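Letters A, B, C and D name the chains as they come in the text, with residue numbers starting at 1 for each one.
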Amino acid sequence: MKKRFIYADNAATTAVSENVLNAMLPYFRYEYGNPSSIYKLGRDNEQAVIDARNKVAKALGADPKEIFFTSCGSESDNWAIKGVAELMAAKGKKHIVTSVFEHHAVLHTTEYLQKKGYDVTYVPINEKGLIDPEDVKKAIRDDTALVTIMYANNEIGTIQPIEEIAKICKEKGVLFHTDAVQAVGHVNIDVHKQGIDLLSLSGHKIHAQKGIGVLYVRKGINIPNLIHGGGQEKGKRAGTENVPAIVGLGVAIEDATKNIDEKGKKITAIRNKIIDGILKIPYTRLNGDRDKRLPGNINISIEGIEGESILLLLDSYGICASSGSACTSGSLDPSHVLLALGLTHEVAHGSLRLSIEDDLTEDDADYIIEVVPKVVERLRSFSPLWEGIINNAV
Amino acid sequence: MLYSDKVIDHFTNPRNVGEIENADGVGEIGNAKCGDIMRMYLKIDDGIITDAKFKTFGCGAAIATSSMATELIKGNSVEDALKLTNKAVVEALDGLPPVKIHCSVLAEDAVKSALSDYYTKQGIDPVPIVGEIKEPEE
Amino acid sequence: MKKRFIYADNAATTAVSENVLNAMLPYFRYEYGNPSSIYKLGRDNEQAVIDARNKVAKALGADPKEIFFTSCGSESDNWAIKGVAELMAAKGKKHIVTSVFEHHAVLHTTEYLQKKGYDVTYVPINEKGLIDPEDVKKAIRDDTALVTIMYANNEIGTIQPIEEIAKICKEKGVLFHTDAVQAVGHVNIDVHKQGIDLLSLSGHKIHAQKGIGVLYVRKGINIPNLIHGGGQEKGKRAGTENVPAIVGLGVAIEDATKNIDEKGKKITAIRNKIIDGILKIPYTRLNGDRDKRLPGNINISIEGIEGESILLLLDSYGICASSGSACTSGSLDPSHVLLALGLTHEVAHGSLRLSIEDDLTEDDADYIIEVVPKVVERLRSFSPLWEGIINNAV
Amino acid sequence: MLYSDKVIDHFTNPRNVGEIENADGVGEIGNAKCGDIMRMYLKIDDGIITDAKFKTFGCGAAIATSSMATELIKGNSVEDALKLTNKAVVEALDGLPPVKIHCSVLAEDAVKSALSDYYTKQGIDPVPIVGEIKEPEE
């Protein structure tokens, strides 16, 4: 078995694509003007931002006027949630509906708002990692300002019934935000058709640079700024525009939303092969619905061993993978998403996430299917917990 | 969260993995809920730790500290092993990320727990010698 | 006269330097891991962020633990001011002291806070564009939460008595923030020695990428997050780290703070030559103190003509310049900074800012001194306002 | 804020810059406080605008719209000139940034103001023909 390098952590971040980097490069040293400047060097930059905004709008089925560039998915989530909260508080609406398995950019924001006197309902997920729209409906009250439900989960990849939820929100007259950071470029999105009022996305998940994001805000919704200052982004988000990153995002979203269906089919097939391969290991389970799932997401719990140790050993085989979300890999708590699925702490500690894309070859898949059982066997061989599992089973 | 090369080495090539049959002292610390369990086996002849082995469920740091702790006490006297501190383990590994310091405490406690077992088996009350060993908080 | 290309708008933004770009490049396509990821690709990125943080800390005389990466100067200003406001409101302190001529990232933030029930005092500037520390002292009340005074003004380049103000704040037990976006890399800063509690800077003013900034927060000051979410930046600023931009900022600030004094002398000499050259045009005046001024800043009011038309005509000669701050060049109001200096609307409309660096040659300076009077003469020749000025003078 | 190439062209090479001595109609609109003043001179023979010139203090758009407005009316009848709208000026310039639309209004008003002066000089009350011309708000 020859050692390979396989990056299977695209849900954490992606490499900047060659296309994107080439588009960005001129804006560092040559086309470096400030888009607000009046001379040609500035105007050319403004035009570049306009073009990128058009591309993003097109990819989402939105109007360019509804697209606001931010610095990341987290900022978009914060802005959307705090913005709507502040907007609607003025009308006496201080209740927010979200779910138990949102990204921390949402959950820590709603927790912050709770401390500020807002009321938040956390809708549960079922054992397959899906939200029941009926639960959202039941959670909405007369004073509900916002429903925010993620489009696809970052750990277990489950795709939520966004259109149904959007419809319920519309009927109830409540604004609907979705964190689509993991969904954009992997599933077809049309914000207008789907009735989405606000949507967050992040560039570095789709081969653009880190540090660039978007908040889509439907026309007519006038949330207050999160970042006040200059007149950039129609006065709604201050800060000199990050032109290279914006230009790159335009290219990235265009590339990512091309042939979503075709790409998706290809990735799904290879993903299923890997899932089936790994599930042959005893005492494992797939987390999240197998079908309502991002094409590239694999999340498997492996009893008797701990997630980080799996990752480190996989790394020594050249495989980059994750356990829970990357942002919390420094933390000691098991993933809140897996706990919400109903897993015990013990089992939740031993989860493996592989997030693959269409550059993954059959040979790569075979390598993964060969290496993972080896790594598991090795770690189980000196795991006191595994001993107990085996002995109890006997 | 940065692991030193030493940590990575002791994780990928852990020393003294396994069990000792008829060990003179066995200690276990931690629990699965917290994500770490360390079990340590000691072979002791004439007050000298002639062999030490471990089994660990846990993160890279848990495995590396187990490995390093066994290395540090092997061949030494029981008295020296009693003086093993988590700090010494951390230093020997060229440091640990702050969130992982607790793993070194576990390793120290696992050694102490095995030594307690050794004294108990010898019919000696371990508490005045080894002290109370607290289970980590959940 | 051969046409040249002269970028004299470094206060608006700067080109990414070759050094910086070279340092950034590996992080786009090869070292693209998420710093929070456990495998080597991630850990290497974390190390890169640590190194950059150390460089920033060293350049500012701060501890690396006090350095927080943000997405821009505006975010840093917003975070500092809203953060301290929220922190101190809990202790019943809801008064902020700032000045009339801050950047909009500060002014629009304080105006927002005023709407939220905070009280704000705007300290005046004198006719030379300087703040009197005594005015700050007088403005501080028992319920003052924060003093925020910019280090150097972005339009007229005047350097404020930061140490004196910091000392007053310390005596009064009030936190002191400074927007040093225009000062970093141009004047020597040592936050600990100077008694600065919080400081904002922006990468793109010192040849790093747009879209990266820093907030320095003195140890022991625990302001709430502006952006909640993952555990990045010790949990104080969520969002996957913009590693290439952060790495670039580390290099940029190291380069910018090298030989500040030597560079400053060189630039000051050439700046003074340009100032004297332009001031030969009748009915012009230098705005801002001539000595307490950033080495590269030139700001001159030219009566009888309007700023934007000067810029466009200069652009046709290959000279990139500004009139007022770039962020507001889309706006119709004359600069609030020039009005605060006591200029009339008419005169304020006709200001020209050149912000130069040490790459400007003597020939460039000669070209500027030759072109500006031509442009002015041309525009005055068909200005009905100029006619009036001349006739009144006769 | 994006200027079209036409605007840049009419700004850098403004047509009809200057004054007409003994003009048949002169109009001025705007004020320095707002940042724009346009003065327009018309030479009118037999109801035909044979020459038009302007002097303008203002931004690029103010100068470009002055230039374009004079171009659009030169050689035309007074009646046609009366029909000149700011929209026509904007279109002829391939558009203007939203914040600069007011400049085109100024240009239309400057033409109207010069025509008012022409009628007044002819002893004709201009108001029924040209209408009231409002000064721009500060």
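Basically, a residue touches a chain if its C-beta (ideal position, glycine included) is under 8 Å from a C-beta of that chain, and two chains touch if they have at least 3 such contacts.
In this text, all values refer to a predicted model and were calculated from it rather than measured experimentally.
Chain centres were defined as the mean of their Cα atoms; on that basis the chain farthest from chain C turns out to be B.
Between the Cα centres of chain A and chain B there is a gap of 39 Å. Mean C-alpha positions place chain B and chain D at a centre distance of 89 Å. Computed from the mean C-alpha positions, the centre of chain A lies at a distance of 55 Å from the centre of chain D. Shown for chain A are the residues that touch two or more other chains, namely 36, 38, 308, 312, 329-331.
Taken residue by residue, chain D touches two or more other chains at 1, 60, whereas all remaining positions touch fewer. You'll find the chains touch as A-B, A-C, A-D, B-C, C-D. The touching residues of chain C, counted against chain A in their complex, run 7, 9, 12-18, 21, 24, 28-30, 32-34, 36-42, 70-75, 77-78, 103-106, 108-109, 111-112, 202, 204, 209-213, 224-232, 238-245, 308, 311-312, 314-315, 320-323, 325-331.
Per the touch definition, chain C reaches chain D in the complex via residues 304-309, 312-313, 316, 329-332, 334, 345-346, 349, 381-387. The touching residues of chain C, when paired with chain B in their complex, are 36, 38, 43, 46-47, 50.
Contact residues on chain B toward chain C in their complex (touch as defined above): 1-3, 60. Per the touch definition, chain D reaches chain C in the complex via residues 1, 8, 11-12, 14, 17-18, 28, 32-39, 54-60, 62-63, 97, 99, 102.
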